[in-house]
Amino acid sequence: MARIDVKPDGYNYLFNPANAPVAHVNPGDDVFIWTDDASESRIKTKDDLPKKKLATVHFLNPQTGPIYVNGAEAGDTLAITIKDIVFDRDYAFSAFAEHFGAMSAVPLTSLQPPLKEHTWIWEKVDKDGNYWYEPELDICIPKRPFLGTFAVAPEGEAISSLAPGPFGGNMDCPDICPGNTIYLPCYNDGGLFYTGDCHAAQGDGELCGFALEITAVSHLVFNVIKNKQITNPRIENDEKIMCVGSARPMEDATRIAYYELIHWIHEDYGFSLDEAYQICAQVGRCYVANIVDTLWSMCASVEKKFLKRCGGKPKPEDLK
Amino acid sequence: MARIDVKPDGYNYLFNPANAPVAHVNPGDDVFIWTDDASESRIKTKDDLPKKKLATVHFLNPQTGPIYVNGAEAGDTLAITIKDIVFDRDYAFSAFAEHFGAMSAVPLTSLQPPLKEHTWIWEKVDKDGNYWYEPELDICIPKRPFLGTFAVAPEGEAISSLAPGPFGGNMDCPDICPGNTIYLPCYNDGGLFYTGDCHAAQGDGELCGFALEITAVSHLVFNVIKNKQITNPRIENDEKIMCVGSARPMEDATRIAYYELIHWIHEDYGFSLDEAYQICAQVGRCYVANIVDTLWSMCASVEKKFLKRCGGKPKPEDLK
Amino acid sequence: MARIDVKPDGYNYLFNPANAPVAHVNPGDDVFIWTDDASESRIKTKDDLPKKKLATVHFLNPQTGPIYVNGAEAGDTLAITIKDIVFDRDYAFSAFAEHFGAMSAVPLTSLQPPLKEHTWIWEKVDKDGNYWYEPELDICIPKRPFLGTFAVAPEGEAISSLAPGPFGGNMDCPDICPGNTIYLPCYNDGGLFYTGDCHAAQGDGELCGFALEITAVSHLVFNVIKNKQITNPRIENDEKIMCVGSARPMEDATRIAYYELIHWIHEDYGFSLDEAYQICAQVGRCYVANIVDTLWSMCASVEKKFLKRCGGKPKPEDLK
Amino acid sequence: MARIDVKPDGYNYLFNPANAPVAHVNPGDDVFIWTDDASESRIKTKDDLPKKKLATVHFLNPQTGPIYVNGAEAGDTLAITIKDIVFDRDYAFSAFAEHFGAMSAVPLTSLQPPLKEHTWIWEKVDKDGNYWYEPELDICIPKRPFLGTFAVAPEGEAISSLAPGPFGGNMDCPDICPGNTIYLPCYNDGGLFYTGDCHAAQGDGELCGFALEITAVSHLVFNVIKNKQITNPRIENDEKIMCVGSARPMEDATRIAYYELIHWIHEDYGFSLDEAYQICAQVGRCYVANIVDTLWSMCASVEKKFLKRCGGKPKPEDLK
């Protein structure tokens, strides 16, 4: 298993099956991927307002990729384990941008004046960035590191890196994090993986549209599950299985996430669809990943411990 | 402080300011409230399908109340602490009903055939109902007890007990649970509190429309905050503050929950609205309470530990 | 057939089955109903901004009613023909109000500054109000008179007169106009009819939240269709049948309107549901009635001439 | 001005800026474009169900294009006048497909059984297809010919021909018809125009997902408006200006359509944004173009006669 470093000369701003791979990797390789922040490092200080630095730019959210995974073919599933995410600088920015963010009307739908722009600069407290401090707020928060964008190239289409969808993309889902394995459907040979938009921390929904935006190096390991088709992104760790649905309105994103979860339980855990539906109704969990991107993303999950038949009613004394 | 038992002769099916109180209580009283299940105990066995037992009934979700809280006036806020919820029988039911539930089209919007009805009977494993077992599924899950319906009478309107809204109502929010204090706006003198629809457990969203539906006795303590106006339900415990928004589409429920939370942080914790917005963007949490009622409900929260100014950037060695 | 004049001493602000009737009428009577405007005549000049005149008021949209229709019982359908609408003053107002209107974020969902308030005063050009002129705009438009609110009391609930729903209500649908017959389901004996909110003209959607708001006298004739159940409001004239759906999001309002129309075609015109669905797909029409009330309303229609079997393929020469 | 016939050897299924032009035309040329139907002529008889003929196909809705318009550059606007649409065969098909259409749940959001599939074959009554007859329904309807898909290549992205958006696309808007001029924003040099999906007739919304699908030859004339930027598709004829908004939920599509219309009135007719908003509120019209594609499309319009200042209040005798 080789170590492969992917540090791009330039970026892509589309999840595009036509882009030339920036790297080829084998299943099991230790792949270290450098990603720029969503502003392409244009926002560095409190004076760097989005209007000045971002509104004039044609494409945002630079992506590192595509990475070609040897052996992956259309109709397979990529299984990508995030081993680690290391922040690559001492600050992260967040911002309010005009006509952007959940507490502001969607662009082109309102005649209201915009919310006032503002840039926030979060500073590392400790060397590893386990904690972050914003001087103006004067508060300190722990890290919740993850990759906001995590995608394969779609089937045929070339889609903006601002969009989430069945191919993954800009889901802004905090469970795309170290310790978890993410499954994405392969529409193209090699899978053609893209990532970017690392967040040092983020609340559910990425409410104002910018998390703690940061550059990073992520350690990923790719595997290929042959001839396995999934419909939307899946996530797994020792305790839980999770699915991400992206759509508008948000109830459809929720339904898609649970639909995929119900089918996963049915396929891999020996329950009927009806049984899986009942299980999700009673022990499913579902939170908002993003409410600011081109589609909203929801993450539904269930703990694996509930996906085992008991073999008869337990005795009270068997329960801890 | 007196002990007051509220065990109704009959129920109400509307959150209605015109209903006569079934009890008067003083702030601080220990109030024990008996609530029937959402089917009014019509569903008892696997053979009791919703079509047979519920579809012919005019009103569902029987409410115990209204309870008149002495001293509460329109313009005040009720603060209601849930001390305990004790289940009142050995089984809970769940069900699939035609044209109901998140994985089925909303009534009157589809020509598709309905999903097949099914009734599930969950049995207590231990005396206290800490664990529940469903024989057909052959799985066991822990309790997550809460009151699905928790309301005050609205201003003027008389609204179905199936509806959530600014007045609380049928939010199906699992944080309406023992250990938490719930704040509801008073639109009428006495507050006129209603509750019902106890759930022994429920997943986020109450996906199929029925949780573990059960009869219960809940121990509540009421207090009145004079001249305090809130706009939507708030919830608090030692660790967190939470708000519930109910609306369609779901993104509006999410926005309402966060809007109320941002204003709460602003009012009580000394942050500007902009600062509160940034805090929620980075450390807010938001999950689906219900995606099956007349409006969807979302619960947004933030941990109290993030709502304190540090008094300057912390030193790494000060962080645990 | 008697002439009955209904000019109220006061108004109701709820569609409420518990309100005492303001009049009893027989089927076929000529009923002349006076209605105030939605502001209860509080806005009279350009200086009367909504913030000053309306924001402090508890209830808006005053209703004349309920009118008890003799012979109507729960389970029947009211058929109400609008013979005429006569405007009762020389001006109509429209306005922009803070956090209201389709081009402004929904209240409680946005932190943006509000749109600036503005009051517009439209003046009658001719005695009958066939044309209207606004001096600031300096444009002239024809009348499109209709009753914005047209309701029966719901089953049990007492609902704000700002709300549309299956019971009719604040649909703001321009086809509730002279020459048309409107069908509403009876949930209560007497039907308990309410109306108000006359508009001298309105665009599709009532975009800014206020049409040409005016006082009026409307000439209605009530009839009762015994033992006929409908699910949502229906409208009919010589050329068309129409249905109104009210819901959020707007696609559900559209589906409800077409669902009711498909069932109407099936029940009364001898087509199967599938056939009715295909007919609506090819010759249905559907416009926005309101995008500003508590639910959005859509009006779907089909021309009656398409609801007749040809008895075989026509010859080209038979077509005009 | 030359006559140019565009009859493709093959089709594109993406609105893609990277595709090689199939034709180059000059402004003013008479361009005759052959388009296949949305099924690529796979459905010919009642036995050709979508499941059998379409569900296995990777790409649907074949497009003729891109057509390169000489002189058009990014930042310009294409003005395309539809002179005529001539149907190219004697039948048109419509169909119900599983998990498709407005009266069926959106794919991946429901566990309900699908609606039963059905294919309808509409036959020309007269040589020109002014009237159409379906034998099973035994009804006859007039033509309402238009091009369901009408697009330019987006900026950077390559998007499925099933999608509508700011670039036009699969709007299924009946006002993309003979006699009207459609304006589309140029994101690429040459504009790169695509069209297809001709409908012989369609109801508002294309309710079941298939209109009267037909092959056709359309006579278009292209012009270029230099340095003119629009945000969403605009349509014009002698009487009206119209705008199409595409989004989910449908209220956002409606807002986008009216937002564009308000700005058009402001830019070209000398009214302030506030005035334009008031005008749309009182005389705007807005109907459902599609409720079945990847985004819903709404068409908002206003008659030009209302966009002229009167120069003072008219006298009653001046009005006809």
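Lettered A, B, C and D in written order, each chain numbered from 1.
One rule holds in what follows: a residue touches a chain if its C-beta (ideal position, glycine included) is under 8 Å from a C-beta of that chain, and two chains touch if they have at least 3 such contacts.
As the structure is a computational prediction, the values presented were derived from the model and not from experiment.
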item: Topological distance between chain B and chain C, in contact steps; value: 1
item: Smallest number of contact steps required from chain B to reach chain D; value: 1
item: A-D compared against C-D, more contacting pairs; value: C-D
item: Chain A and chain C: spacing of chain centres that average the CA atoms, whole Å; value: 46
item: Length of the line joining the C-alpha centres of chain C and chain D, rounded to whole Å; value: 31
item: Chain A and chain D, separation of their C-alpha mean positions in angstrom; value: 35
item: Chain A residues counted as touching two or more neighbouring chains; value: 103, 109-111, 248-249, 255, 259, 262, 277
item: Touching residues on chain D, where the partner in the complex is chain B; value: 103-105, 109-115, 249
item: Complex contact set, residues of chain C against chain D; value: 94, 96, 101-103, 116, 118, 120, 122-123, 125-127, 130-131, 133-141, 201-212, 248-251, 254-255, 258-259, 262, 271, 274-275, 277-288, 291, 296, 298, 300, 302, 306-316, 319
item: Contacting residues of chain C [partner chain B, same complex]; value: 13-14, 16, 18, 58-59, 106, 108-111, 155-160, 231-232, 245, 247-249, 252, 255-256, 259-260, 262, 273, 277
